[in-house]
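Chain IDs A, B, C and D follow the sequence of writing; residue 1 opens each chain.
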């Protein structure tokens, strides 16, 4: 019961001050990598943001404020890749998504380091995790007070998040 | 004689000890714990108010942050309205109405026990959520879109909306019970014009609950589905409408405050009648005023929405309607004062509280008339002027009469008298503390201080009134402590109370204090409006006319026709049972489960259906339900 | 003399009520004057009714009657007539109140505006757009509203997120800003001066710090202010301000804020083109002074916890440079 | 002074059950019918409130398909015939007709609920796309919930009528249950007109 209560407190806390600008995680994108510096698994900061309803909801606000929907659509993808499916070229756990946002990726993903604060980057990553159904149902906001762009986030199926370039095996969408 | 009493004792007795406590269906035991629980929630919500007042004592105070403050004022409002005001008024009615109409128990005894359990679990759930930082954060009114999933993420508002489901189920159950009790279980001879005024006020209140609660039931269900499965009721971009919430909420909200206030009218009539030692002046206009207030309450909810840009002509209609409801109240005030003027008033503590009611409620009612005017409301809506108004009419109009009624009926409920001097101390502390706290808020509202702000800046002239209000709130806290001490001491070592300590006219005082589990040894018959004062031809009452023939070897009551109270049939009431408790638990599991997963409604319904079926299933152990052999 | 000293705080409170900058008892426009008239009538009529009722109660308590009348004597002809008279009096008074409120309400919604302003309320600040027939003369500012004296302004009210309420007590009654609705308020100021408005509908964490600085000036001052607002941002002169501008446009600031005439075009936060010409900062939470601005940049969550502006990590001299640049945006 | 009691009559002759508005259970069922009726009225009010927000009604979809809705309504109204019959039998306290009547009502109830499932399946809007879809589904779901509770109640009464001894009180409960079924049927007729015919008429 205590663990349940703790996770409930964790989910609901309104944290306004962001953690100080630590070194950014270098998450492993594939299991084949040079040297051993890459971190495995998910960092504590990532878990904290991913489980917090306030951060996920702020992420949905920044998603439109910084025009992520310009390339990624409302999560279904257009110029940029879809964020709601199980295809993750650079990995689907929150640290990998955070690294993609902060450092950018080839073929058009700009590096947002310095353009948005680290806390906003984590919040955006938490929202992307929610788009792929990988956050707890209690933390995900069901709908936005705007034109419906995605099915309710509380009803999205949980997508698998193993990294690796799966898009090569499939023909590009017509 | 004593053979019948022993038989009655055995057939109406509860099982001993804890099992007896959880399975009882005696309206008196359930009502006493209902009142105790509501008072506990009152004290908890009062502590929240103290912290809020301390935070607002000085400008730019940093005692608590905005998030905690928002949860606290939302919790204070929700707990006071849903967990204290409506339940305690209905609980007092559950205790008093069966005794006043001269029957042995409330109409649906097991439903009554179920209503208490579901109310208790709802209250405990929301306070646990509040402690876990999941308390409501959008005010007790929960306006959308602030309370929709986009602007209050997480499960905070879901727990609040589900708490409303709990409390409205409890309130609706009690309302249906009271209507059934008053309509079918009145003592023979108690025609419509001989019903005590408190029973009239509870009947009208119960009908208001039955017609008002569905509005908030719908509004909170729409909000829950919006937040869980993404329906679009309040989403302006997809055809929904934020004002739909306000219409549905206030269509319930205004009758709700009259649901809280009307029982107090009944209590005042009882107290004034008893302590002026004469019948209420103009009984029929008083009943008409109650019924008129009941109807008018449903016609003026838009005065909460004058500032939302609705068409001006509509608003003016609601100005007229809102002002019209002051007429029945004005009439009742006149009749009470006329009763006191033409009686021999005796100022025991209950009467003191009624005097407090006059001083505060009339002022609150007049500020209410001011608020009813559209242009004036545009200046003072959602400011501290409104906070002052509704505290004057809610604390002045309902809590003062409630405390008077507590001193008035406490001897009957517990068999002990409440301390008179402590009572006077408590009254004066509460009266002065209340005025010091809430009168300056009129000025704050006019000086532009909005409602629900967690802090304010210096230099706007708000510092002094806020400090005075904070000091006043501490005075009120001391007075509540005096009340709690008085209650605690009287229950233990209070002076034992005679059957009729105040010389009151109602059947309630024809029983011992506290009454036996079966209330009346033989069913009383009523021949006039004041059964214990005079008989049919006007000379003082010596003996009590009663009826024989109601069986003593099982729980049986006498039913009578709704209008003329002519005996219709004998009716067996169910025995004590644990199943209302299990059903309330199963329903709690269903409600809490459905906060997190919509399939909880479907799977949770199975255990609930099972427990409800066993509750209604006739068991061999049920002596009462076996028909006449 | 002793009781007088006890009443001193009460008088102090009463006096403060009339003069406050955000007080509805100090009307400065036609609309608030109309409402103030209704208030005066109501306050005096209701006070007399209150004193009359309590007087009747006191008389009822003081008056001792020898024998109590029991059942059968509840019908007393004289009292019944008094009751009827009382009800007629109450109904008459209420009808009078309804009449004056209806008349005053009609005056609130009347008037032909010749100035259009669109205010969009956002979570916890006001975006103010001055509209005009030719688009070139339209501009956006934030958290301040300048109105010319003796001209009727129509303020169009929209909401960007939740329900707020636009309320400047000295000028007019409040009107909610509701998503999906467009409401309007007419204001005809009659007296120069600066007034303070505040959001009056609970709108979340920082509902308490969502103030609006309203200034009523004569026609000429208003027109010069408008022309000053129409100009793009004044370019920085000192070296530090230049560095500040360059920093502003490359770091997170430009992602949210717009400064007309510079590459910064973010639409999330308020428009900062003429930030330094405003009298308050962060919707009235802080005065517009240099050290307050630098404290605000270092940690915006301290004065307004929960607001959407993050603490952008900057070295002290970077922060100073940006403050120099911003203070130059007159 | 202890009040003496002076007997003025004897009601032992009255029987221990009754029918109609003199009984507690009748007022109980009426109370809950008032509550649910008020909920239906307010839900229909919401439907028309949302309607005036839209330029075209129903927005972004054509009116709900008539076929299954009408089949359901006709079937529901048809169940009124056995319902009236069983109410009369219960008043007459005739055991066998009541037993078979209750069984028939439960079977018909389940059949009607199956028809409702088909009707729901045939509905052409989702609840989470527009406010129109939300309110239409809420009206249907609210009515279905009350129908399920009453069919379940009839089922329990059926089992009771076959297994336990039927006392006067039980017959009174059967007649109250029949009254509640009247409410279920005629409230749906109102809802049917609102849901299926408003888009076609307005």
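Note that contacts are C-beta pairs under 8 Å (C-beta built on N, C-alpha and C of every residue); 3 or more make two chains touch, one makes a residue touch a chain.
Small disclaimer: the values here were computed from a predicted structure and weren't measured.
Peer 1: What is the set of chains touching both chain A and chain D?
Peer 2: B
Peer 1: Measuring centre to centre with CA averages, how many angstrom lie between chain C and chain D?
Peer 2: Centres of chain C and chain D (C-alpha means) sit 52 Å apart.
Peer 1: From the C-alpha centre of chain A to that of chain C, how far is it in Å?
Peer 2: 40
Peer 1: Taking each chain's centre as the mean of its CA atoms, how far is chain B from chain C in angstrom?
Peer 2: Centre-to-centre distance between chain B and chain C: 37 Å.
Peer 1: Counting only Cα atoms for the centres, state how far chain B is from chain D in Å.
Peer 2: For chain B versus chain D, the centre distance works out to 30 Å.
Peer 1: Considering chain D alone, which of its residues make contact with at least two other chains?
Peer 2: Within chain D, the residues that touch at least two other chains are 128-129.
Peer 1: Residues of chain C touching 2+ other chains?
Peer 2: Residue numbers touching two or more other chains: 161, 179, 205, 305-306.
Peer 1: Among the residues of chain A, pick out those that touch two or more other chains and give their numbers.
Peer 2: Touching at least two other chains: 14, 143, 145, 148, 151-152, 155.
Peer 1: Please list each pair of chains that are touching.
Peer 2: Every pair of chains meeting the touch criterion: A-B, A-C, A-D, B-C, B-D.
Peer 1: Over in the complex, which chain B residues touch chain D? Could you list them?
Peer 2: 107-108, 111, 172, 175-176, 179-180, 183-185, 188, 210-211, 213-215, 217-218, 221-222, 225, 229-233, 235, 238-241, 244, 247-248, 251, 499, 510, 521-523, 525, 542-551, 556, 558-562, 567-572, 609, 613, 616-618, 625-628
Peer 1: Which chain B residues qualify as touching chain C in the complex?
Peer 2: 65-67, 70, 138-139, 143, 145-146, 150-151, 236-237, 241-243, 276-283, 285, 307-309, 312, 315-316, 319-320, 323-324, 326-327, 330-331, 333-335, 337-338, 340-345, 347, 355, 358-359, 362-363, 366-367, 369-370, 372-383, 440, 443, 446-448, 450-457, 460-461, 464-465, 468, 528-530, 533-534, 538, 540
Peer 1: Taking the touch rule as given, give the residues of chain A at its contact with chain C in the complex, in rising order.
Peer 2: Residues in contact with chain C: 14, 16-18, 20-21, 58, 61, 65-66, 114-120, 145.
Peer 1: Name, in rising order, each residue of chain C that touches chain A in their complex.
Peer 2: Answer in residue numbers: 161, 179, 205, 250-252, 255-256, 266-268, 299, 301, 305-306, 308, 310-313.
Peer 1: So in the complex, which bits of chain A are touching chain B?
Peer 2: Listed in rising order, the residues are 5, 8-9, 11-14, 53-54, 56-57, 60, 137-139, 141-148, 151-152, 154-155.
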